[in-house]
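Both of the next two complexes hold chain A, though its partner changes from chain B to chain C.
And then the complex of A and B:
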């Protein structure tokens, strides 16, 4: 112990929990979930405005891998090694997960090149990159469905399937219309959440630009489809060394068992090397 | 907030009945913050418990999820047209309805069994994103103003269309068009854990009436009416028991006596040019003493007889 320090306010607010080096235990407390008893059949929407919400993507990736779920990760934004490096800090090896068949990783940056330079018989998941007119994302959906539908041998090797997408705004900037992306999410939800009783997590950026109709349509349309919305925002007052942003949690469409209606919580957070700490607004330990 | 007990049950039933009574299109406007599917399900439950058949065009949630929470009585009266599983026919199994969702809606128009029917559309937003607004409005109009089926009584049958609309998704044009088609409009909102419904009734040949109702929805989709949010800021009561007269304790006179008024009126103002004054000015020196200046220098005065302007070269 390096000298005296103030009692940990966060622990007092949320109840003490054993620290572990995997994912973000405090976020699990806020969401009232652990890998053992994760809910199924849910769509979680991650949204960031004026800040980078990708730490939530890393959290859910390691969370579901630790929960022994089969994960299909449609990674359009970064390379495999980027996610792998961060996941290792959180105690998960993506390479090992991929090798044992637990993780199906679509590396958008790499495989988009294949669309143009490799002859494919079946439509490539990112086939829409070749199409001149506004197409649809059916090949991508078929890829997801094939990746997560359990094999015919009947043995349930993994707990439940999970689809993770980072991120959907990239699809808009690649020329897909908002309705095409909403259709893709609709079909994924129908298959992954309802048919296979799995979960889906997707990240969308909120540009904050009221003129960007497509992005607004996508964001609001997805919000209505979601069970849980995690929205990270930069502080309105600007950059702060000790408080990196604000997280708003909105529970929509609660199941009968929870009987919670549209409960919403807001916390502030600070991203550290291997963890994210959350605290009530104005209660950052740095300023108390 | 405490519920109202037996009286409350009657009131929520009345409220839902009034929403369903007008017939035609009931437009439910919700938002991300205040979702409307629960209220839609409450309306459907009410209609089903009145013995009606309810047909649901389900585009946004699975049948299982939609039926969740209803008891078997209600569920037996619901017919769910599933457009959730494969609306665009991507699975190529041919299960998708011919003509798409609007074709399914039009087919609902053509049913032949009598009796009042309620059609619920979950959601209108889903249709509006994929079909032109005019087409959707035309189908809705045809639905809510159905001509009677041949062979039955010529009276227009009671058709009720409950449409869920996520109003943030659309511009003012489509929302306005649907609003003008609706006989009843319910906008969902709320505050501090309590839900509210702002209701507009458009009865024929009457002015629209507005009503705001606070409620909470129970797990079985019955409503519990509430009195409203506790008012946190009451207006402050007046701290002064008697008003203070501001005209007391003045340093000047606000009122004039009659004599003072006469004296004031008789006064000649210095710049008022009367004929006497004119004469006096034209004949100076008559009866006028020369003006004097009285000056007493004090110790610090320096009387200099020199003309300070002497050095000016004018």
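And then the complex of A and C:
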């Protein structure tokens, strides 16, 4: 692979300590990006197999908030306080961001209880929970669109809109078909990435050999649309205290023909209290 | 952290919870135990909820599972607001024990119980709970507690007479301020303890007979009724902190036995392509939503060995917080394996939640076996040569 920018392996081996508790600076280096020069119009797919890839969600959430973007976070898996407490370790306050209008937070667990036990007057983004048969995710899309479309006063308060979803596999568990979820992603991409020139980041679990066909359909469909895929995997050899897993980064060009091979990098990582450190395979500081 | 948020003071550690509890009408008299909690020296003693303790790692409020060995493997205990899913062993011999330990621990700590089952009457389940093992120093306290706890307590207090004038408050049967107790499965829990404890039962055959109108939804009717039942208890008894009139300073322990059995009306255990394939996962999601917004903890046992569709098991695991699987040696080839001759089965910690944190307390030891010996359930690492 010619002309590829290799991050400085030496710097990785030294285990660069974070300048401040700001997301994961090592991951920023690997992705060759900083909050100041965040790209636009991109779909990033986060995928985890045999491990928990939620640290990537926390990274992107704090990254885009630091980048002064308007973020709509569809948080289906955990409560607001969970994300907030972790974000504070990474130097961002979700509560403050929500208050100043930078963050629109849909707390799935709490909202599901509201919509399930009480009939709502207006269509609720999680309206499908009350429906008998599999519906579609249009109310959820409308919610996202309304959250990220800038107000009519014209003044651009924020840099660019970002949609973050944790995670799409939950929608399948709640009765949505893979096609409905792919439709939702398509509509969101059209609005957020193309029309509003923003970004979209979504997490999907890779169920591996669990033969979850719907999930596989969703994963493959999204992989083809993504510009960047970050795939975390548990180690094939099993649990290790010093190496929590392997991260594969794949840069893609979904719209153009693949005359040039997509480039990819693979690293191993260890998650710590406020940071994630990355190292080349087999180069964990613990064994050197 | 949901548990703290419901106490009204917003995100933070246990300080806000303590501040909220100190202004309830509780006397400042605090039993001096060997592990007295709260601030020490100076100032009024903080009243914490019996049977809970904050996690060392992130201040999350924990309750004991009733099995101290399991508490240790889970990083100190089960977090309030989360689900513990127990994958049943093949003939359902040992998973009912974990279920009962959890409930018994609730009774000892004075927690409110909610027991749901499709095959056994909750009253019968409670009768069969194991008796707590108390060492001698605590036994005397325990006897006194049982006597003092009679509802018709116009017993004149001779020594602490001044406290007779203060408003009567419900004292839970806290026998010791220890977190997590040991139980003797060969003895039954004393009847008085059950009678003075607060519990709600959900026995599916009884609930289904009433012709309530259940709104059409993709959930099986049994799951719908159970969710409404749980939500009702949480709301009515103030476990979600929504009603300022009913300030609840107690934990609700929910136990759901053998979820997913055909008795619940679910066919997830019957065939691979089941019609109601989303019913179970939807139930779990909404249940977790209820738990996250209330002071409750839930144990669910599930016969996953009967579920043929592996995708459903994966989804159920992702929607649960802590997942523990029991594998008994009965009837398997491991029964004759000399490595396992001292044990009754293996226990797999499949998943531990990362709550308010990037990392979680995973145990280094992954090969764990359990045995039920001399009335005690113990978990040990498998010693392999």
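Please note the rule applied: the second predicted complex is superposed on the first by the 259 of 288 C-alpha atoms of A that agree within 3 Å, B and C clash if a C-alpha of one lies under 4 Å from a C-alpha of the other, contacts with A are read in each partner's own complex, and residues count from 1 in each chain.
One rule holds in what follows: a contact is a pair of C-beta atoms (placed from the backbone, for glycine too) under 8 Å apart; a residue touches a chain by one contact, two chains touch by 3 or more.
Quantities reported herein were computed from a predicted structural model and do not represent experimental measurements.
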{"item": "Chain B versus chain C as contact partner of A:186, first or second or both or neither", "value": "first"}
{"item": "Which of chain B and chain C A:265 touches, first, second, both or neither", "value": "neither"}
{"item": "Which superposed partner A:157 touches (first chain B, second chain C, both, neither)", "value": "neither"}
{"item": "Contacts of A:170 with chain B and chain C, given as first, second, both or neither", "value": "second"}
{"item": "Contacts of A:96 with chain B and chain C, given as first, second, both or neither", "value": "neither"}
{"item": "Chain B versus chain C as contact partner of A:52, first or second or both or neither", "value": "second"}
{"item": "Per-residue contact with chain A, leading partner among chain C and chain B", "value": "C"}
{"item": "Partner chain(s) touched by A:194 [first = chain B, second = chain C, both, neither]", "value": "first"}
{"item": "First, second, both or neither for A:286, with chain B first and chain C second", "value": "neither"}
{"item": "Shared contact residues on chain A - chain B and chain C", "value": "none"}
{"item": "Touch list for chain A against partner chain B, complex", "value": "136, 138, 141, 179, 182-183, 186-187, 190, 194, 217, 220-221, 223-225, 229, 250, 252-253, 255-256, 259, 261-262"}
{"item": "Contact footprint of chain A on chain C as seen in their complex", "value": "1-2, 4-5, 11, 58, 81, 215-218, 227-228, 231, 278, 281-282, 285-286, 288-290, 292-293, 309-311, 313-315, 318-319, 354-359, 362, 364, 366"}
{"item": "Chain A contact footprint on chain B (complex, rising order)", "value": "32-35, 37-38, 60, 62, 64-65, 68-69, 84-88, 90, 125, 129-130, 166, 168-169, 190, 193, 195, 216-217, 219"}
{"item": "In the complex, chain A residues that touch chain C", "value": "52, 54-55, 58, 78-79, 81-82, 84-86, 89, 95, 108-110, 112-113, 116-117, 129-134, 169-170, 172-175, 205, 207, 209-215, 238-239, 241, 271-274, 276"}
